[in-house]
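Next, two complexes with chain A in common: one pairs it with chain B, the other with chain C.
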Partner chain A sequence: MEAALTPPDRVTRKKGAGIFLSPAVIILLIWSLIPLVLTLWYSFQNYNLVDPTLKGFAGVSNYVYLLTDPDFLYSLLNTVLLVLGVLVVSVGGGVLLAVLYDQEFWGRGIARVLVISPFFVMPTVSALLWKNLMLHPIYGVYSAFMRAVGLQPIDWLAQYPMQTVMMIVAWEWLPFAVLILLTAVQSLDHEQKEAARMDGAGPIARFRYIILPHLSRAITVVVMIETIYLLTVFAEISVTTSGGPGVASTNLAFLIFSRALQQFDIGGASAGGVVAIVIANIIAAFLVRAVARNLEA
Partner chain B sequence: MASKKNRLPKIAIGFVGWAVALWIFFPLFWMVLTGFKSEMDAISTPPHLIFHPTLQSYHDVFAQENYWHFTFNTVFMSVLATGCALLLGVPAAYSMAFYPGKRTRGTLLWMLSTRMLPLSGCLCRSISSPNRRIFSIRLSVWP
Partner chain C sequence: MAKVELRDIRKTYNAEEIIKGVSLDIENEEFVVFVGPSGCGKSTLLRMIAGLEEISGGDLMIDGARVNDLEPAKRGLAMVFQSYALYPHMNVYRNMEFGLKLAGMPEAERRQKITDVARTLQLDAYLKHKPGQLSGGQRQRVAIGRAIVRNPKVFLFDEPLSNLDAALRGQMRVELATLHRRLKATTIYVTHDQVEAMTMADKIVVLQKGVVEQVGSPLELYHHPRNLFVARFIGSPPMNFLPVTTRSIDPEGVTVARDRGESLLVPVLPGETASAEALTLGVRPEHIVIDPEGDVHGTIRMVERLGALTLLHVTLADDTLLIVQTDGDHGGEIDRPIRLRLQADNCHLFDARGIALTKLTRHRLAR
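Our next item is the complex of A and B:
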């Protein structure tokens, strides 16, 4: 009976699907294509906000200037380091903490809320919080701890700018990983764990062969969402180091920002934007393929 | 026998769990604490845990800036953007999830990639904010 109904039914449903889908696609097209076309157009122009006499077609000079600039390679490297470093910390720590907070202990509910709380703080606020209250070499709390045990306080943001920014961003994103992974751990069938325990599997074997495979789906989701946000980290860098000292903590997003709004070189910034779009699309292609395979398997 | 054997690991797990939770939460606790400090206490060396609490900072914030104006802007923007994204995203997610076609995967890839480009590169930053919600809705409806 079902089979007999299928063909006409299917056709009308397909049409309905198109009607539902098209507003989102059309608006997203307009929303993303106009900036893209404008960016492409500007990237081939001589266009500097502080020099109106400099005009006209620039050819590929903006691109040549960008790609031969050592700052560009450095910021590319920083972008990759930031994404990978924060992913390793937040996913690795997230898995361990998810298993930890799945255990029964006194006040577990409150402890979970405390761990997840940093996720609800605005990036600007958490960057300022770490910069001024925690890591400040003179009146920061961590400096006071270091002095208390006889160590010399370190000016973290000046001496280890990239590592410190990574730490701040990891602090913001670890709660997100814990949140997603904890719900995944909780969805694991209790009898399965119990059966493994009765068969003599120790805690490490249970973690390795039962919990980790069960989490793989949630981990890919966390990796995908975090990568999307981490590729464009901006507020934390802008607030704490402004990309410095020099370009030590400049990532691609900040480099483009400084080209456009600090050096007023719209043409050069647009070339940077186009290169960033190409890189983002390459990463997106790999990521979505891997994630889609994992989710549908 | 079992209960005595199990008690010690349980206490250890509780201890570790609370230690990690307090360590992660500590900066936020300190921020709240600093909010009640006077300007001198806030930058004292070494930092004080015990001090004379004052509401001066809260008074200053509301007196110097039009705080509610900024709050309203934030709430207004996020509600409007989420509303628009839901309006567009829910039907799209519904049709993609239940009636996937040949190009669904490609469309999805493209929707995701629009979220990844550094928005400062587009010089039209604010425009793209609804996209992120479309994407997250899509994820949540994935069968």
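Our next item is the complex of A and C:
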């Protein structure tokens, strides 16, 4: 079958294709390889923009300095917390909302558009909305509500910076999870749900034994895609807390930014970048394996 | 096992009545088939019995108790779905176990039951397989097994064979009939395929637009259809219909004739039929005989050779189409003239409202 479909002049075609494909391939290679090589190169250099006299090969000192820095460990922990926290909220909430929005109710079409809409707001804008419009201790909507019932509003971004960033990012990613999971819920054969009803399964048993297993693939996809983006959350932190107070809401991406463009330590920032690449690849390897196994079944 | 009674069951969807008052008694151990064209409400009626659709009016009784408001699982029924509706992430064993587990049956008892049922359905080798690894026929068996293990009072089947190919359908039909004889469970079976209905049913219920047209044994429906709809629906190839007018009414039956001559004495009770009234004459393809002396003249338009049988499509002078069934060796050729004779004893007469005139003699197999 396969042989029959392959044209006879396959070899010659391949040669020609190679020539015509080469510009794209070369540009892509330059695009991805040069930054990588340069980052690696800088990470072994003494290179600080505020001190041009500092020059030359640094050995592994940039790495030693980074890895022994308590801020690094803290930012790593924050990265993990942010990823896990947002995943739990968006996948958990996403599953519940998807099941809810699968039901018939009045105004479902409008409700669906509303639940998806946060996804279309760009991160900087939604971070600003939350910071100034909703959570601002003096003129935020939330604070007004709190005062209206006679309570002292909490200054969320100052007191619980990481949790607040997490909440904002989760608010942005929940629609994505709902979108994917809702389509998955709707693809469930309704006769299966009816068969489960005939088998005596109540709503909870149906959710636990029929709907959740059916959603497992979609959940894996959501986890994978969200993880890729959540490892590099930057805009929300930059707009709301600038990583502070102190480093309380600094994640790896923001740490690298701050090393490079606030402290102008290109060498140290590059070392951070290389570490981030290594971590991202380790996580990607695990994720891809888990996803591949789940998608096979 | 159980007796199911439907008392003026009604279903309304968006102010439109889908089921218009169905009353029916389904006896213990009976195999009842609901049959009808698509959209006749047969599946809705089954789903109402199952408890998957709410009943808008009337009473549904199982063993004398009203079950309208009971949850599906509490009615003691089991259903086999058209798509099988197996749980794809569970293996065959877990699929059959699911209902038992939810009912709180102890593990050892569950295992015993499932192994027994799997053995009778020849599924023992596949207990660890997921539904995706099974063939259509095996999935069908798992779906039946899942119904049997729960030991229900009534089995419900919703077009269970329509996803199988013709050969497998024939085989499953025999298996289902055998299974029913062994389990002796009351069974309600929905199909649009009148062959399934004829071969398996103790009692056929013909439905059209939410109304029961006729209830009876397969041969009763075949030989004594109550109206035009049933006559047209039961039997394949379908019954032929000819417009006729009454010539005379005698104790031996009603004599009718087509426009140009050829009168025929059909042994039916005249009822309210008057002379010179327009009636419809119904005759099945196997009750038309090719006869060189026959008084019906026609032309062969098409020949369908089924091997054992040959079907001739014959048009008469007035362009009425008749399908004639003859033996497989008949050498009919297209565009040849042919003369036919209708077997008067096997003809049916329908009045202007489409209601059949009662025959003078019952067919010996139609109880």
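What we mean here is this: the second predicted complex is superposed on the first by the 267 of 297 C-alpha atoms of A that agree within 3 Å, B and C clash if a C-alpha of one lies under 4 Å from a C-alpha of the other, contacts with A are read in each partner's own complex, and residues count from 1 in each chain.
In the analysis below, contacts are C-beta pairs under 8 Å (C-beta built on N, C-alpha and C of every residue); 3 or more make two chains touch, one makes a residue touch a chain.
Since we're looking at a predicted model, the values are computed, not measured.
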Inset, instruction - Pick one for A:210: touches chain B only (first), chain C only (second), both, or neither. - result: second
Inset, instruction - Using the superposition on chain A described above, determine whether A:63 touches chain B (first), chain C (second), both, or neither. - result: neither
Legend entry - Contacts of A:199 with chain B and chain C, given as first, second, both or neither: second
Inset, instruction - Figure out whether A:260 sits in contact with chain B (first) or chain C (second), or with both, or with neither. - result: first
Inset, instruction - Mind working out whether A:191 is in touch with chain B, chain C, both or neither, as first, second, both or neither? - result: second
Inset, instruction - Considering only the touch criterion stated at the top, classify A:288 as touching first (chain B), second (chain C), both, or neither. - result: first
Legend entry - If touched residues of chain A are counted for chain B and for chain C, the larger one: B
Inset, instruction - Touching chain B in one complex and chain C in the other: list those residues of chain A. - result: none
Legend entry - chain B contact footprint on chain A (complex, rising order): 13-14, 16-18, 20-21, 23-25, 27-28, 31-32, 34-36, 38-39, 42, 97, 100-101, 103-108, 110-112, 114-115, 117-118, 121, 125-126, 129-130, 133-134, 138-141, 144, 147-148, 171, 174-175, 221, 225, 227-228, 231-232, 234, 252-254, 256-257, 260-261, 266, 269-270, 272-274, 276-277, 280-281, 283-285, 287-288, 292, 295
Inset, instruction - Over in the complex, which chain A residues touch chain C? Could you list them? - result: 189, 191-192, 194-201, 205, 209-210, 213-214, 216, 297
Legend entry - Partner chain A, residues of chain C touching it in the complex: 50-52, 71-74, 77-79, 81-83, 85-90, 98-99, 102-103, 146, 150
Legend entry - In the complex with chain A, residue positions of chain B that touch it: 10, 13-14, 16-18, 20-22, 24-28, 30-31, 34, 42-47, 88-89, 91-92, 94-96, 98-99, 101, 105, 107-109, 111-124, 127-128, 130-131, 134-136, 139, 142
